[in-house]
Every structure is written in C-alpha cells, then in structure tokens.
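Data first, discussion second: the structure below is written as structure tokens.
The letters A, B, C and D name the chains in turn, as written, and every chain counts its residues from 1.
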C-alpha cells in the first residue's frame, strides 16, 4: 500500500545530503550572461549622429530626441530623454541603430524610489566607467565580459 | 511542599515547552529547506536561530484585525481554546526518571486525561472558523469538525493497546513497563497512533484545515497579530505534544542505555518531530472524503486488530515471552496493512449533479 | 500535412445536399450567407467525407464598410482544414447564429468576438462580455474605437 | 423532513493562491460538492489584437513574449512563422534548427512549471516544484546566454533569429540533454506511484474524447483524452519532419493522464534535442531582407504546437508595415471551455487539481 510513498520519502531524504544550490544574493552574486539586457540603456555620444532611428524602432516610443543644426552644416543633439520606466528592454533600438551608438547596460540593480528618477537625460545615460555596456548585438563589448555562471556545471556563484 | 513543586514545574513546563516549540519551528524550517536543497533561514542570529523570535516580534507589531460582522468575543476566545490544551497535555508527561519527573506524572488516569484534553482544541478551531464570518473560514471550520472528530476514535483505540500491554493508565507505569519499547511490541498500534496524530494536528498529508491551495488559510484566514501567533505556536506545540506522547508511550520515554534520561526523552521527541516534517516535505494532500474514508475504513479496523492481538497475547501465558510477541505482532501488522489496503477503495468520487 | 480543402469543391457538395443555400467557394474559403450558417455548418460537421469535428479558431475582422466572421474548421479524422467566412454588411445590429450547439469550442470565442467587435451571436447560451468589464462603453477592436 | 441546505457561492479568484494568475471561478457549492462553476476572465486583458494594429511586424515580436510568458520562445516562433508564411520569406537552415532547439527547450521548461504547480495544487508543499525549478534554472541560464533575458527573450526575428549561438552554448546543452533523463526518472520515483497523488488525480476531472475534440481542446489536454493529434506530426512546420519522435497519449483523460502525458512529452523533447544537436549545420542565422517587413495583401492562419496546445496567429495584411488585423488563438483560453463540465460533481479540492492539470497561463487566456 505505502510503497510509492516510501520511495518518494527515500528520494527526499537523499536530497537532504545533496549540496545546496541556492545563491545567497547580496553576499554571493551570479555573473549574468554576456548578452544581458539589463534594465538600463547606455548612449555613446561620439558615435551618435542624431538620426533617431532608435526612437522609430522603439515599440513604446520611449526615446525622445531633439536635434539642432550646428554651424558647419552638421547636426548636434539638443535634447535626449529615455524613459526607463516605460521601457521593456527589448533591445530593438540597439539592433536598429546604424552607428552602434546605443547599447544595453550591464547593471541590473536599478531600483529607484521615484518613477520620475527613471526618466534619464543625456548626461545620466552616457557610456562611462560606472555605466558599462552589455554585449547584446555588440561583439566588441561581449568579448570583454566575464563568463556567465551556469547551474548546469554546478556553479552557484560568480568566480 | 507539593504546592511549591507544582508551581515550579508549571513554570518549567511553560518555559520548556514554548522554548522547544520555538526551536521546533526553526528545526522544521531548516529541515524542510534541507530537503529542498536550500539553506532555510540563516539571517536572524547564528544559523538563523533567532528567526522564530524575529517572526514573533514582527507579528506582535502587526495590527490585530477582527472581521466587521464577525463575532468579536468568539474571535478572541478561539485562539486561547486552541492553544492552551497543547500545554496542558505536558502535565502528565514524565520528563525523566524518579519522583518529581513531571507536574503530575503518576496520575493514575493519565491516558484518559490525555485523550480528554487533546479533543478540546477542536472546539477552538471550529469557533475560529465560525467567528470569522468568511466563507473560506467556514469551509475550514466544517472540515475541522469532521476531521478531528473522526480521528479521535482510532487515536483512542491505539492508546487502549498500550494500556493493555502496560497494565496501567499512568504514564510513569507505562514507561517502566516498556522493557521492550512498545513500537516493537505493537507496530500496528504505533502506525495507527502516528497517522491519527498527524490528522489530529492537521499536518500533511491530512492538512485540510489550512490547505493553502484550496481554502486560503482555512479557519485562521481572518487572524493576524497576536491571535495568529497563538494559532501558529499552538500548532507547533500540539505537534511537540503528540511527539512527546508518542515517545513516552511507544519509544520508552526516558528509558535508554548510556545518556541521562532527560536527554533520551528529548532525542526521541525530536526524532518523531523530524519524521513529521519529513512527511510534510514530501507528500501531497488527501481530499476530504478520502480523509474520512481513510479514518473509518482503514485506521479503525487496524486499531481493532491491534487491540485484539495485544489482548490475546496478554491473556495467554505461553505467548508471554517478549521476542515471540514482537515477531508475531510485526508479521500480523504487515499482513493487516496489506489486507486492508486491498480492501478499502479510498478514491471516492463524483457525485451526480 | 493538413490538407486545406478547396472552397469551390466543398461549395458544390453543400449545394448538392442543401439546394438553394447561399454558398460560394473562392480559393481556400467558403462564403456562407448568415441565414444558412447553421444548416451548412451541420452538413460540414456530419458529412462523413468532410467530418469537420473541431472548430480550431473563430474570429472576426472589421473592414469599415462590412464585417467578416471567420471560422477555421478542422477535421481530426481526415486531417484537413477549411476556412468558412460570413460577410455582414454595415456596422450596426450585426448578428450571426451561434454555432455552439455544433461545436462547444465556439462558446468562449463567440463571447470574445461579441465583446470586442459587437457582433451578436443569436442562440448563444451565455452571451456576455468576456474580456472587458460589464459596463465597458463600445467595442474595443472596431476601427472607429479610440 | 430533509435538512434544508442552501448552496454557498464562493468567488475563487481573481486573487487566490492557486488560480495560476488572475483567473476567477464563481463556484456554487452544495457542502463540498461543486454544483455550478462559471469562469470569469479579463483581469489580465491588455488588448493584444489592438496593440498589433499600431505596431510594425518587428515591433510586435517583443509583445509576443508576453502572451504565454512561460513559453515566450514558442510564441516568438509561432508569430515569426506566420509572418514568414504571409510574406514568403525563406529562413536559413541553421536558423530553423536553432528555432526547433529553442522551442523544445521551452516545452521542457513549460512542462516542468506545469507539473510542479499541479503538485503544489494537490498539496505537496513546494518540494516537487523546487526540484523542477532546479532543472528549469539550467534552461533559463541557457536562454539567458543566448538572448540576454531569462523570461521575455525577444530572440526570434522575421526571417530567422537575432543572434547566433555563442560557442559555449552547445556543450552546455549537450550536458543538459545527457543529465535530464536521470532527473525525470527521479520525478517519477517521487510522484508516479505516490498513492496519495493517485487517489487525488486518478479518475478526477475526466474529459472524454468526443468532448475534448468538440470543445477544440489542444495540446496535452487533448492527447490525454486519447486523441493522437500533435501539429509537429500532423501539420509539420520548420524542420520537424527530419526528427524521429513519437506522440505520447493516454486513454481516460483524467488529471493523472495529463500529468503522465506531460512527463513523456519531456522525454520526447529530449530526443528531438539530441537529434537537432547532432544535425545542426553552419551558416547564416537570418535571411537577408529589409528591417521593415512589408508583406503583400492577404491573410494567413498559421499554427504551431506550443507547450500548452495549438497556438495560432491569424494575420490579415493590407500591404502596409503594420498588420490590418491580428488575432492570437491562445491554447489555454480554448482549453478552459470544458472546465465547467470537467468540474461539475467533484469537490472543492478537485476543482483546484483539475485547473492545475489543464495548466493555463493568464497572459495567453486574456491576451
């Protein structure tokens, strides 16, 4: 009668002697994928030609770009605003940009206390030491990112 | 002189039992976590030992909500009625060898007292469900009545077997009579006792009372704050009480070779406690009508067979030698379990609507 | 491979069985008049050669001047499929007989088309809004709905 | 004089521990027995069909991730396949293989969730679910490696896939495919002969064969009722004809059969993955073509075998960059048609078990 139950109990007992596989988040952290689409966009000023193809590609229309004519018939960026609150980080803008000027970010700890803080302007979105770019559609960044921790190899936390 | 002993021991019981149930909460949360390959609480205090204390403090700060059209008086009374019997059960349990081993360990109607006290908590659960004016709680209350009442019968009958074998109702006598722990002598009796106790505590696989996935939290859906702690702590104290009674009646209480008697008692209690949460970490839940069928069609006949076996052995001199009894009982137990599992169909089914 | 049936071929079969039914075959689709929908559908379901026992998908499209209710029928036995369409003129007071008596799978899908496009299915056991709340003004999927 | 009892009407949902999201059932009880059940939908309705009309074909792809958010690769696959059939775009070989690999990995991950939560509804206190989460975690790591996200992948594009597989993907997947059967055997040891699970699910919530077809159920629900119907075999798409696998079915169509069919389907998916890993060619992963797809006028109804059943996309195009009309045929939505007949006469606990065994995801039900 109870054979099935006994076999099940034996299995759970066997699990008690297996290593713990959960990661203690703040102390131990996993290294994310090299192509991580973190909730963060990064903008490279010197590559951007203000063509706004990223704004057109966005399904939500979160990127507002205003350009202004510069003296020697060049175009300069007057105003850039990316609303990270409405953005779903699908990466279509990164894919659509012809000059590889906008990238997905790497850092996933982006919580803020006010929704208005999520609307980032030009200064806050710039590529910098603190705000690195992820390897999504950018092989040059993908090369420099650390290898991902994979549970399939039993890795529990980043090396 | 007696008064002093009683007061001192009453305080000891309250402190010891509440301390042990807090430890039990921590042990269960880490134990079930270990079964699921996760560490369990490890933030509050070393190894998470202060987690139950942290929970208690948090819950005490929570607002104590009483449902608007619920019955305020009954809503407050219910947790008390559900919690206090769990402490009263420890009055008759002998903690260690010798004279002052418990509040009234040598009470000559120990078993009858145990059975009487343990059926009071049903009233608490039912009043809680009824007073909460919430459909889920009402469902929980109805189920609690049906379940606990129908599991009293096999529980009591399994204790009869023990009383027969020990020849006395007093727990101290029972422990002394166990030269061979009764679990070997009456495996069937222990099985019936253990399953009926699980149902009495409404632990998995019989945890219909607060079946999270069905009726949200059963009879204590509408409880928060201090009252909820009474239920939560009450549930663990009841589990410890059932483990303590099981250890005393079937595993030989404080009897044991090398270690001091009190330590043996603790080891046996927590051994049963570990089995209880090991079951909780594995098995799914039975349905209400299967639960009832299980009690009346499976546990009750087994309890009767057990009593019959013990009675026959006690009365006939030739079978008195212990090891023969142990062998006969184990074989008879396995046979009875196999026979009845073939006989009773637990599935139950669809009502034509 | 699920074989899509030719609309014209099936239309002849239907004409043969139900003379005078407003049926027209065109490419992989069979157009049916709203009033003959039930008899034609019953024929398609019960005819052994066709045995369309499963209504895979039911939806409707708003073409501004007229509406189209689209039924994708499927036969599990013969593994062939057919598209059945009903054309409804105008924009108000549109009605189509419900096919729930034939295919129970139409029940929720008809309620959804009623809710989002405002096409009433006469004979439906419980024609209520399904995806929007009861007091929702208008029908969301209509082209003129802002 | 019979005791006068009144039926009690209980609203289970939309906020209920085991209604798998915001699904509500107005259940009428006579004691514990269900005498009436009326499902209520719409709490997660986001208007997919309307959204599609104001987005280009490529912009709609990230939205399809949010349909059945536990199987977003299959949603991408179904949508991209429909648009490719409409626009007549040829997909390169390697992209076809990558898509099949992703779809089968998604099927295993979705079935693991389905069985885990079914056990949770039957009362097993999270243990089977957490064991199955461990395997799903390995799959999510692989999806994260390929697409950058763990749940909403937005990985497939019209004409192929967005990225090629990174070098360390295939060895990791091979290791997973070798280890997984042992874990599935472990689940069987824990659950297959568990007497309590048998008592709770054998013969409960039976969906007879005729009603299953008539209520146009699909996927494991249909196959558990004894209908051998799987679009990967009956109406093959992509490179499925090149793989040899079989379609598990069962007879009675009760909760236990639906659970068993899902377990065997996981084993078949592993077989497909093995063959796909052996045969995957080199080459481009995306067809040449404009970023802005503009299919000719016309309409298409294309369906794939998503983990939950037949996921269909009916797209009407008027030649512009955005679809004129797009209707998503969600398998979970249609599988709920027969819920009322399956639950009548059973008890409260069975209704939860039956709903768990049908395995619905509200994103796909309410669209």
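Just so we're on the same page, a residue touches a chain if its C-beta (ideal position, glycine included) is under 8 Å from a C-beta of that chain, and two chains touch if they have at least 3 such contacts.
This one's a predicted model, so the numbers in the text were calculated from it and none came from an experiment.
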{"item": "Path length in steps (a step moves to a chain that is touched) from chain A to chain D", "value": "1"}
{"item": "Chain at maximum distance from chain C, centres defined as averaged CA atoms", "value": "B"}
{"item": "B-D against A-B, pair bridged by the larger set of C-beta contacts", "value": "B-D"}
{"item": "Whole-Å separation of chain centres (CA-atom averages), chain B against chain D", "value": "43"}
{"item": "Inter-chain centre distance, chain A versus chain B - centres from mean C-alpha coordinates, in Å", "value": "52"}
{"item": "Chain C-chain D separation of Cα centroids, rounded to whole Å", "value": "26"}
{"item": "Gap in Å, rounded to a whole number, between the CA centres of chain C and chain B", "value": "61"}
{"item": "Sequence positions of chain A contacting 2 or more other chains", "value": "1-2, 5, 8, 11-12, 15, 21"}
{"item": "Of all residues in chain B, the ones touching two or more other chains", "value": "35-38, 281-283"}
{"item": "Which pairs of chains touch, using the document's own definition", "value": "A-B, A-D, B-D, C-D"}
{"item": "For the chain D and chain C complex, residues of the former touching the latter", "value": "41-42, 45, 47, 49-50, 211, 213-217, 227, 229, 234-236, 301, 303, 310, 312, 314, 316, 324-325, 327, 329, 333-334, 336-338, 366-367"}
{"item": "Touching residues on chain B, where the partner in the complex is chain A", "value": "34-39, 42, 278-279, 281-283, 337-338, 340-341"}
{"item": "Chain A partner contacts - residues on chain D that touch it in the complex", "value": "55, 58-63, 65, 127, 131, 134, 137-138, 141-142, 144-149, 152, 154, 162-163, 166, 168, 172, 175-176, 179, 186, 189-196, 198, 291"}
{"item": "Residue ranges of chain A touching chain D (in the complex, touch as defined)", "value": "1-5, 7-8, 11-12, 15, 21, 32-37, 57-59, 88-92, 95-96, 104, 134, 136-137, 147-153"}
{"item": "Partner chain B, residues of chain D touching it in the complex", "value": "8, 10, 16-18, 32-35, 119-127, 130-131, 134, 190, 194, 196-197, 199-200, 202-203, 344-350, 352"}
